[in-house]
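Encoded as structure tokens, here's the structure I'll be asking about.
Letters are used for the chains, namely A, B, C and D, taken in the order the chains are written, and counting of residues starts over at 1 for each.
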Amino acid sequence: MEKKTLLTHCTDKPGLIAKITNICYKHQLNIIHNNEYVDNTSGHFFMRTELEGYFNDATLTADLDQALPEGAKYKLIGSSRKKIVILVTKEAHCLGDILIKSYDGSLDVDIAAVIGNYDKLQTLTERFDIPYHCVSHDGLNRQEHEQKMLEVIDQYQPDYIVLAKYMRVLTPTFVEKYHHRIINIHHSFLPAFIGAKPYQQAYERGVKIIGATAHFVTDDLDEGPIIKQDVIPVDHTFSAQDMAQAGRDVEKNVLSKALANVLNDKVFVYGNKTVIL
Amino acid sequence: MEKKTLLTHCTDKPGLIAKITNICYKHQLNIIHNNEYVDNTSGHFFMRTELEGYFNDATLTADLDQALPEGAKYKLIGSSRKKIVILVTKEAHCLGDILIKSYDGSLDVDIAAVIGNYDKLQTLTERFDIPYHCVSHDGLNRQEHEQKMLEVIDQYQPDYIVLAKYMRVLTPTFVEKYHHRIINIHHSFLPAFIGAKPYQQAYERGVKIIGATAHFVTDDLDEGPIIKQDVIPVDHTFSAQDMAQAGRDVEKNVLSKALANVLNDKVFVYGNKTVIL
Amino acid sequence: MEKKTLLTHCTDKPGLIAKITNICYKHQLNIIHNNEYVDNTSGHFFMRTELEGYFNDATLTADLDQALPEGAKYKLIGSSRKKIVILVTKEAHCLGDILIKSYDGSLDVDIAAVIGNYDKLQTLTERFDIPYHCVSHDGLNRQEHEQKMLEVIDQYQPDYIVLAKYMRVLTPTFVEKYHHRIINIHHSFLPAFIGAKPYQQAYERGVKIIGATAHFVTDDLDEGPIIKQDVIPVDHTFSAQDMAQAGRDVEKNVLSKALANVLNDKVFVYGNKTVIL
Amino acid sequence: MEKKTLLTHCTDKPGLIAKITNICYKHQLNIIHNNEYVDNTSGHFFMRTELEGYFNDATLTADLDQALPEGAKYKLIGSSRKKIVILVTKEAHCLGDILIKSYDGSLDVDIAAVIGNYDKLQTLTERFDIPYHCVSHDGLNRQEHEQKMLEVIDQYQPDYIVLAKYMRVLTPTFVEKYHHRIINIHHSFLPAFIGAKPYQQAYERGVKIIGATAHFVTDDLDEGPIIKQDVIPVDHTFSAQDMAQAGRDVEKNVLSKALANVLNDKVFVYGNKTVIL
């Protein structure tokens, strides 16, 4: 007996659920869990189906190809553990949370490697027996540095790349190569602050909440499809440094929860938004 | 064209979604929104299906009866506005929030009447052109008072009874008569406080959060199936009175949200829990 | 015996707390509650002192003038109930919450009048025996309309003006006249959305939280000193309309809490931020 | 120049703030930050004063002894880093969070040792170059096991003992020896669940939020003075295992925040509650 997850995304038509579940039924696959969502304004249909049984992928996909409308996209994903590469710069909080969660099994993931543009987090990473690569950007332009990063990343063939406070902007080439497979975390404020020292700006502005947003990376910096967001309350007694510390807590929690959703194949991306089933 | 919601609850079997959606398909009913949930530990299947089209209830239910497993429960609910009766004592915050939300249309409900064991909230209620009945418990035992309450309630034949800070305990007879149709709100604390003056106890205990729980009423006082819960942070600067005020805000918000779920036919009850689809 | 609140704001100097509390002590005024905050980065000192006793304002202020550093600002505020005027357009949720809270005493305020540029909320307001003025902007330019608004407002001499979803932009003249005495509520999103239909944009962007910000109005639209902020979680199942409804709940709660802080003389404004003691 | 924190707790009297700040002023100690709180119902006065300057502890305490009322308690605490010992059983999430926060400096603490009644967390601890002691309870009664634990703990003379999911009940002797110096974290539910498998009970009960409470340990199990509480939302789709995972996240966050408050000398305990300044 195997477990697989079927992700279906197509234009909405009457009877789609019936057609898909009929096929599973016909293949004697037991539906462990099924969620679907129809965006009625755009006419998009999404379904996530956890299946259990003996899979004949060829006949199953043939049946789906025949049943689903023109241009339907579906994926049949096995239950094997996902492989990620984590990119970091100097801050340990997001990396540390993922390392601990992976260590104690609360995040079921294979951390293939951690790559930083500084060596600051090498010791922490290696303490968890995970290879660390320091790829300095010293004396390199963005393209050259990214090229060296990609050489290291590609050898691991990761399912996803996690930017755990990686403080460099990625080029469209990089983003395109790992389309909707790069997850980033960044602080979020109300109102939003542009430019340097956001926590200093937040402090001067006297914000009462501090947030974090985890999203897929697109060319539009910090503006890709949102996976998870959360905030915590702060007040005037918080210094800019206190706000940054509070921000670290919410950043790590939001990134971990977003990553868990992605690793469990719960996240659909369409347009610039996500559907999480 | 009509809109109806089909709520199905039965033991889980392979192909149930297909069978039900096939029937809707055959009846040329468009599925606007479909959610289901399977509790794999107990083997319960739940599905909420919003349908649009021309309904032939007789043939539709005949098809469902034939397709669904032994002992399946389902309801086909029209889109007509639900009728509620609100029971109160002296506190205005929960009643007031429902009155305003009903007034501005953010809660789509027909408030048939408000009934209180005091007349304190009569003026507020009547300002919204809703009949208010004062049924005092003076000189009556619980059964006698409830009997008089029921005489007033029954004439309105409400779909649901909302206890908006109604501070009297209901008898099993009353609860049984409106089985899973009575919604109550009560404050909740960590840890829980038994007995009188809970906010005074919470203050003395120095709790850091104050909560509220909306639930269906069962014989087990304050222990029925939970519909909605929320909390707000408090600290040592809150007096017992401040905590009570903070509690009122969370109580009214939780009750309104729970009521909205119930009125939209999103809530299934089984065992002592709810499934909200 | 009277109760008054002393608000002190000046540049920080050693011994300020001692000096001020000594003066209260000398005047045999009992300190019921005292909070202070020093912003060490800017060197600002803030103190809120709740006093009880027999007040000789003349000698008390003379002592304070003598004791406090050059340019110190302080206010000695009596415990009389504050008077507010509420400006509205068409949405009832914020107005309704304030009306109910004032009605049941959980907000201790005198609502002198409600003024709208439409008559939609007249009935609701008058049901609470509060005068409603409809000042239509039809055929008037911004200055002309504001002039007519001010004529109505000024006759009430309010302590504060509450913009309870008043959807018109105020001119610098208006804002200046009621400097730091106008409280506004607006929805807030991560990321922020500029332009029309913010909830539609939020829906299309797939945000996971929706927030509200209550702030004092300055010339910089929606950018004055923040008094209170909060958010609620949403997800992909929320339509733009659902998000707007969820937003209404958080808007009214945030505005009420901000208003309570202002009415209790807990809010200091300096620069573009608030200190709440 | 040194930094010290003065914590004062006594019965409330007029002029206390003046007296204390006068003494600091006289000693030419600069008040960096001062917070006080008066519990008017019980007549307790609390003040936390961060001081900077050249300290003459002997004359300073002499002045305080002379100025403060009968039975006043005060502590003058240096800015040296606190030493803790962490007790664990098998769960890594709370320990891991403290290890990472200590490693990256966001928690300023000296983790002297980790002691477990199993060896499961030895590797993780030693990866951070912190000594781990496994003190098995096999074949020992509670007193015998605690005696062996104390022998290990005492050699480190910790300021505080952190129970990071240490699943053994402590005896009154142990609790008394480290009076108000033992910090525990435990899950909290609304309603509270007694007995084994709380997450299973929470699942069966269909709770909508899951919480955690950090508190000082007293003889009354899980009922000592509360330092920090928080909750996260859950729903019917959460299995008992999902709830436990969600609980781990809130447990670790609440414990870390409570620990930060304790380490920064912000927490007063009186009666069965805390005041956090």
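Going forward, a contact is a pair of C-beta atoms (placed from the backbone, for glycine too) under 8 Å apart; a residue touches a chain by one contact, two chains touch by 3 or more.
On a predicted model such as this, the values are computed, not experimentally measured, just so you know.
> Which chains contact both subunit C and subunit D?
Both subunit C and subunit D are touched by A, B, going by the contact rule given at the top.
> Which of the two pairs, B-D or B-C, is linked by more C-beta contacts?
Pair with more contacting C-beta pairs, B-D versus B-C: B-D.
> Report the inter-chain centroid distance for subunit B and subunit D in whole angstrom, where each centroid is the mean of the CA atoms.
40
> From the C-alpha centre of subunit B to that of subunit C, how far is it in Å?
Distance between chain centres: 35 Å.
> Write out the stretch or stretches of subunit A touching subunit D in their complex.
Interface residues on the subunit A side: 91-93, 96-97, 99-101, 103-104, 106, 124, 127-128, 245, 248-249, 253, 256-257.
> Which positions of subunit D touch subunit B when the two form their complex?
Those in contact with subunit B are residues 37, 39, 41, 188-192, 204-209, 211, 213, 222-223, 225-231, 235-237, 239, 271-276.
> Flag every residue of subunit D that touches subunit C in the complex, lowest number first.
Residues of subunit D touching subunit C: 14-15, 17-18, 21-22, 25, 30-36, 38, 40, 233.
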